[in-house]
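Letters A, B, C, D and E mark the chains as written, and numbering starts fresh at 1 in each.
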Amino acid sequence: MQRIGVFVCHCGSNIAATVDVKKVVEMAALEPGVVHAEDYQYMCSEAGQSLIAKAIQEKQLTGLVVCSCSPRMHETTFRKAAERAGLNPYMVEIANIREHCSWIHKDMEEATRKAVILARAAIAKVNLNTPLQPGESRVTKRALVIGGGIAGIQTALDIADAGYEVDIVEKTPSIGGRMSQLDKTFPTLDCSACILTPKMVEAAAHERIRIYTYSEVEKVSGFVGDFTVDIRKKARSVDMDKCTGCGVCQEKCPSKKTPSEFNRGLNNRSAIYTPFAQAIPNVPVIDREHCIKFQTGKCGVCAKVCQAGAIDYEQKDEIVTEKYGAIVVATGFDTIKLDQYDEYAYSQSKDVITSLELERIMNAAGPTKGHLERLSDGKPPKEMVFIQCVGSRCADERGKSYCSKICCMYTAKHAMLIRDKYPDVNVTVFYIDVRTPGKNFDEFYRRAVEQYGVNYIKGQVGKVIPQPDGKLLVQGVDLLDNRRIMKEADMVVLATAIEPNPDVRKIATMLTASIDTNNFLTEAHAKLRPVESPTAGIFLSGVCQGPKDIPETVAQAGAAAVKAIGLLAKEKLTTNPCTAKSDELLCNGCSVCANVCPYGAITYEERQVNDHGIREVRRLAVVNSALCQGCGACTVACPSGAMDLQGFSNRQIIAEVDAICR
Amino acid sequence: MPMKDEFKPKIVAFCCNWCSYAGADLAGSSRLTYPADVKIIRVPCSCRVNPMFILRAFEKGADGVILCGCHPGDCHYSTGNYYARRRMTLLFSMLDYLGVENGRTRVEWVSAAEGVKFSQTMNEFVEKIHSLGKNVRLEDLRCRKE
Amino acid sequence: MNREKKQAELITEISGVNPLKCMKCGKCSASCPSFEEMDIKPHQFVSYVANENIEALVNSKSLWKCLSCFACVERCPRDVKPGKLIDAARQLVIRQRGQEYLSPDEIPALLDPELPQQLLVSAFRRYRR
Amino acid sequence: MQEGMKNGCAGAPAVLLERISTLLAEGTVARVLGWKAGDMAYNPEPAYFETQEALKDFVYDGFCGANLSKYMIEASKLEGKTLVCLKPCDTYSFNQLLKEHRVDREKAYIIGVGCGGKLDVEQIRRKGIKGIQSIDGAQLVWEESDPGTELKGIGDDVLTIRTIYGEKTLPYGEALLERCHVCKGKEHRVYDELIGQSRDTKDADRFAQVERIEAMSPEEKFAFFQQELSKCIRCNACRNVCPACSCRKCVFDSNKFDSSQKANADSFEEKMFHIIRAFHVAGRCTDCGECSRVCPQGIPLHLFNRKFIKDINELYGTYQAGENAEDKMPLTSFDFGDAEPGIVGERG
Amino acid sequence: MKYSYYPGCTLRTKAKALDVYARESARLLGFELEEIENWQCCGGVYPLGNDEIATKLSSVRALNEAKEKGQELVTLCSACHHVIKRVNDDMRNVEDIRQRANNYMQLSEPYAGETNVLHYLEVLRDRVGFEAIKEKVVNPLKGKKIGAYYGCLLLRPGRIMAFDNPENPTIMEEFIRAIGAEPVIYPYRNECCGGYISLKEKELACSMCEKIMDSAAGFGADLLITACPLCLYNLNAGGNGRLPVVYFTELLAEALGVKKEAGNQ
């Protein structure tokens, strides 16, 4: 018989205001096996934990039930406390009387009744608990960073500087990401390339960083500390070792009609290309879809002009398999497609552009060499209109429900830069709300208005009406004085909502990392574990977790690196002892369990057993506890009940069911 | 005024640790209410739920049993919920075949981010059980307290 | 419960619109072709209903200026659909008071030889019970 | 055909008996698993034969419905090969056991025996024929041609039944086991050699009974099963005969679920037992119908298994357990686009 | 191929042209419009009140008749199309409306939105195909610059009408290309013509129609086409006469060379 102690937490008033904790203590004390029950203000506090330790020792407790917040919050805390007091940590169960009770029920009597039942269920379970010993698994001292934008680069640099090997896998031909497409950055107006390029170079030169560009993660298996990852290195058609990056091939390439991804399709690139001048590695790739040689078999100009003989039309995709201890996701974002927002005439006029396109136009290396001009006729604009919240903050399926967070600031930046460089251009911003939380952010926005004379009008635009003369009539309303605005503009810039990179779904599935309804990766805890995925060993860096600006991204990238370093620094990981185990006397050896095991953790062996005097050789299931992750699929597939899950055994769950239905 | 003989259904909710239990936690921290009749049992994955558990609950007097897990494709263990989906579909079909109202059992996929969905689902389910009334068909009568 | 509160509830019920979803962006007003003709502007319909200021709303000439062109319904980012609110307010007037914006006596003067049937039918639906 | 078997039993076709006898004599097999006469004409029972001498009791006639494949679990542990006679439907069970590593193919010498439909004495009794002394017409008549050829239909075959009240007759087709009316086919799925011919007995839709129940109102369904299951005495005959129910120890006999029960204490328990039993064999049950055949209370237990089979066929694609020893079983596989459990309510 | 056909009140009176050209062209293109028996007027506007049932019943009746015949239901007039498609969406998705409408109707089998509603243009695009039409054109309207006037009712609300992109539609432009002319895209093609307001507020409707005409003319159109009798009326009455306005079916018949046959009817 167990000797169980029950500890009921008030959680200040979080629990005690709706649950009569004294009553819970009183009722719990009547349950079989319970020899001690008490309540306390904050059970998770040091004082609360020492109460528990004291009771364990004084009452020789063999099991604990803590009635408190969610086990996802403090199960570990209490298990560690029990361990320090000499009790096996797996003899502790939590009754969640906060998230599942006090916070959602209003009636005290009802909530108390439920709390008592939840306590009973936990007590019934602990009565059947057995001490479990965690195993150990090794840690591969290498990290994988998926995505080579500023988030991925920063994370990789921090991990590498701490002394660990890091691989970056980047889908495009160069690292750099979205930041490399930006012209200036708010709120200090630094040149984006000036601050990013050194980091790119540093990453490329770092002795502990390997960069796989033009590559994608293909398959992930394993678990925290011991992931095995297949990386597909797409055929570049250029030998990385031979290429000198002279650029002659790009110059001579006769196929120059492919819209440049880097310049957002505003101009064209050659079929053999590097996305931009500072690309790292400075080795071009052949876009086979647009290459004349690959499409027709005739051409081969690049191979002819290449002095280094680096062009290799025969190159094939290559799969590299690597082991990693930790994986950081830094897949970033893209802007949404605007075909559902054609009231803004994006597809009808070349002079309606997205903010990211404006970045390229403003950039000296961009399609207009940094001159602000209309893409339709190359004329400089006199009137510019910015429309905010295009596709953000939407309740319908056309857009995104969230605020994209960066648009208010970059719009102020654009407005300011234009007014600064072209003082004769009038700039009008249509906004719903201006959101500028951040250091020096509101000051920045106010400067745009007060110092640079940017005209902010409150009210979302209804329609952009292209005029026969090429002007754009912006139909809006000034909500503050109920006035219709019909503004004639030369260019309209849409602050287009951002969304997670569409590939992230596929990656999340491979990593079994959860994703929210907007395709942002979910963090383990919204406040306390913001850079970790709930899946152990997976960390989140940058916009893949939620909209962020550059400083926030860099901060989070560093935080993700620290978490990954914390993992890599460990020699061994303790493994979850809640794994499946087969009862050899009941096992039929039928293989049904192995058929459903996602980890290949079940094998079979012929072994002699002694079944109540009958000695015979039987085919028996054996669980590899290092591979088993404890899902329990096998336990239900097993018809004889031989397979059971430690910590969530059949009898334990049935005891909980019985206690709840009692 | 005290309500006489007010039906207080017993409802067991099995929630997978990674998505639905976290979704229930989120419902809690967002203060999204649902009736206290629902009691949650934490399991590692929806595929841990044995039909035996569900029948046992009914045997012991439960009026409804709901199983919540990660959305298909999002299982923490990759594939657990796919097995659970087949198992529960067949089990529910069998219960229906035996004349048990099929509203008493339900499977819902609730992610860690879907606190709202969790609370909505529970509210709907409790309402459904109210409309079906006390479960007398499956119960082991000895378990009933009179 | 006072009369206006009741009417406000009736309007939300008939329209199926939840005024609380509005984020006051003004896109409805920015889209409305009749904006200049209206005394109460489309984006204000929502707050009139939310604040139970129904008397003013039902007496507004905006009720008869809305074209039911659904531009506001289509473009509303919050799925509020101000057009449905104004339609419900119009229903309230037509149904409850027996007030009609169009009387059969007026019609002969309004007709011309090309006028399609459809115009009369829809005007009748809009303006009369 | 042999004459003079005890109790008026029909014996076995000579061609089969001769071949078995030879194989035993040659030492190809160490023993024979077949049937021997019971105490009455209509209840031959499974039996081992280890000598040629013993084979005089060997029977294979219309009443040999018993599926011998399950016995091969134990036989696989014995020294030497066991010759086993399997009817076409029995081979499905054998395959399934093979898939689950419960029988050893190397230890089995399978003679696929022809089947012309097996008889059910309960059907005879149900026709009001009581006090049965002996039955004529259950013996098998195999032509001297290839085992592959199919015999003509049951046609006018008639059983002549001597009872204490005099002689009665009954068309053969009216005395068949339920499972023979919905026969899966006369093809043996696994064998070493085939002896004897089969004939087609299928004259009913396999799922008609299930469909009839599905069409009932919940109240009618409940009443139907309540009525049937209340007869259950938990004798475990169904479990013991079922080739899929071959656990070393049944969950209902172990303490793994706190579910150990011997006899029904309340109406729920037999439901729980039968639902779980059907669930445990779902996707593995070959629909051999042994459960219903042996139930002393006449409960149509196959209706549970067949419901699962029908659902599996409809939801996950047609599947026949035991058709081969390789296919993935429906409950240990899945499809990304599988129906949601809510479909149960939607189908009405 | 046979379709159930709901002409609507105006196509029997003032907009006969819209109807006859459509039928004649259909014959040539190999489909038939089978008029619904005893159809009743759709009411001209979709009743926006959630609680209105009676005003939706005439649409349900037509929809149900098409269902019983196992045909898709084709409409021509934008208003009829709008009303019937939306009522059908209600019958499909709004349980309360479905239940109450069925209670009124007492049909042998309840109607739950089974019928597919198509606009004549959708038939041309999705069933016949513009490529196939192009092949049948005998008098391509070469050199004609045509502005498509969509109005509101065909396009909005986009999610329910599912006719085309409500802010950047292409179906009429594709149609114009198919009959050999050149489409002119202008921003007012999906702005309202004033609709029924023209009965009592002529000036307001006029100012709207003028904007539409000016915009289309500004972008070089020399002709407007429409599918709606009320749009046609408003544009002609209030649109300062800058551009002629015709039904799209008239041009179709002309291009297919059956205009005369239709005219004789």
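The rule is short, and it goes like this: a contact is a pair of C-beta atoms (placed from the backbone, for glycine too) under 8 Å apart; a residue touches a chain by one contact, two chains touch by 3 or more.
Since this is a predicted model, take the numbers as computed values, not measurements.
Graph distance from subunit A to subunit B, where chains that touch are one step apart, equals 1. Least step count on the touch graph, subunit C to subunit D: 2.
In the assembly without subunit A, touching between the remaining chains defines the groups B, D | C, E. Ranked by separation of Cα centres from subunit C, the top chain is D. A count of C-beta contacts for the chain pairs A-D and B-D puts B-D on top. At the far end from subunit B, in terms of centres built from Cα atoms, lies E. Centre-to-centre spacing of subunit B and subunit C amounts to 45 Å, using the average Cα coordinate of each chain.
Centre-to-centre spacing of subunit A and subunit E amounts to 48 Å, using the average Cα coordinate of each chain. Per-chain Cα centroids separate subunit D from subunit E by 66 Å. For subunit E, residues that reach two or more other chains under the stated contact definition are 167. The set of subunit C residues that touch two or more partner chains comprises 71. The residues of subunit D that reach two or more other chains are 251, 257, 259, 331-332, listed in rising order.
Annotation, chain-chain contacts: A-B, A-C, A-D, A-E, B-D, C-E (touch as defined at the top). Contact residues of subunit C toward subunit E in the complex are 13-16, 33-34, 37, 64-65, 67-71, 73-74, 83-84, 87-88, 91, 101-102, 110, 112, 114-127. Taken in their complex, subunit C has these residues touching subunit A: 21, 23-32, 35-36, 41, 43-44, 71, 75-79. The part of subunit D that touches subunit B in the complex is made up of residues 210, 213-214, 216, 218-225, 251, 257, 259, 265-269, 271-272, 275-276, 278-279, 282, 304, 307-308, 311-312, 315-316, 330-332, 334-336, 338-345.
Put simply, subunit B touches subunit A in their complex at residues 10, 12, 17-19, 21-22, 24-25, 27-29, 31-34, 36, 39-45, 47-53, 56-57, 60-62, 70, 73-80, 83, 87, 111-114, 119, 143. Listing the residues of subunit A that touch subunit B in their complex gives 70-73, 96, 98-101, 103-107, 110-111, 113-114, 117-118, 121, 508-509, 512, 514-517, 522, 534-535, 578, 596, 598, 629-633, 635-637, 645, 648, 650, 653-654, 656-658, 660-662.
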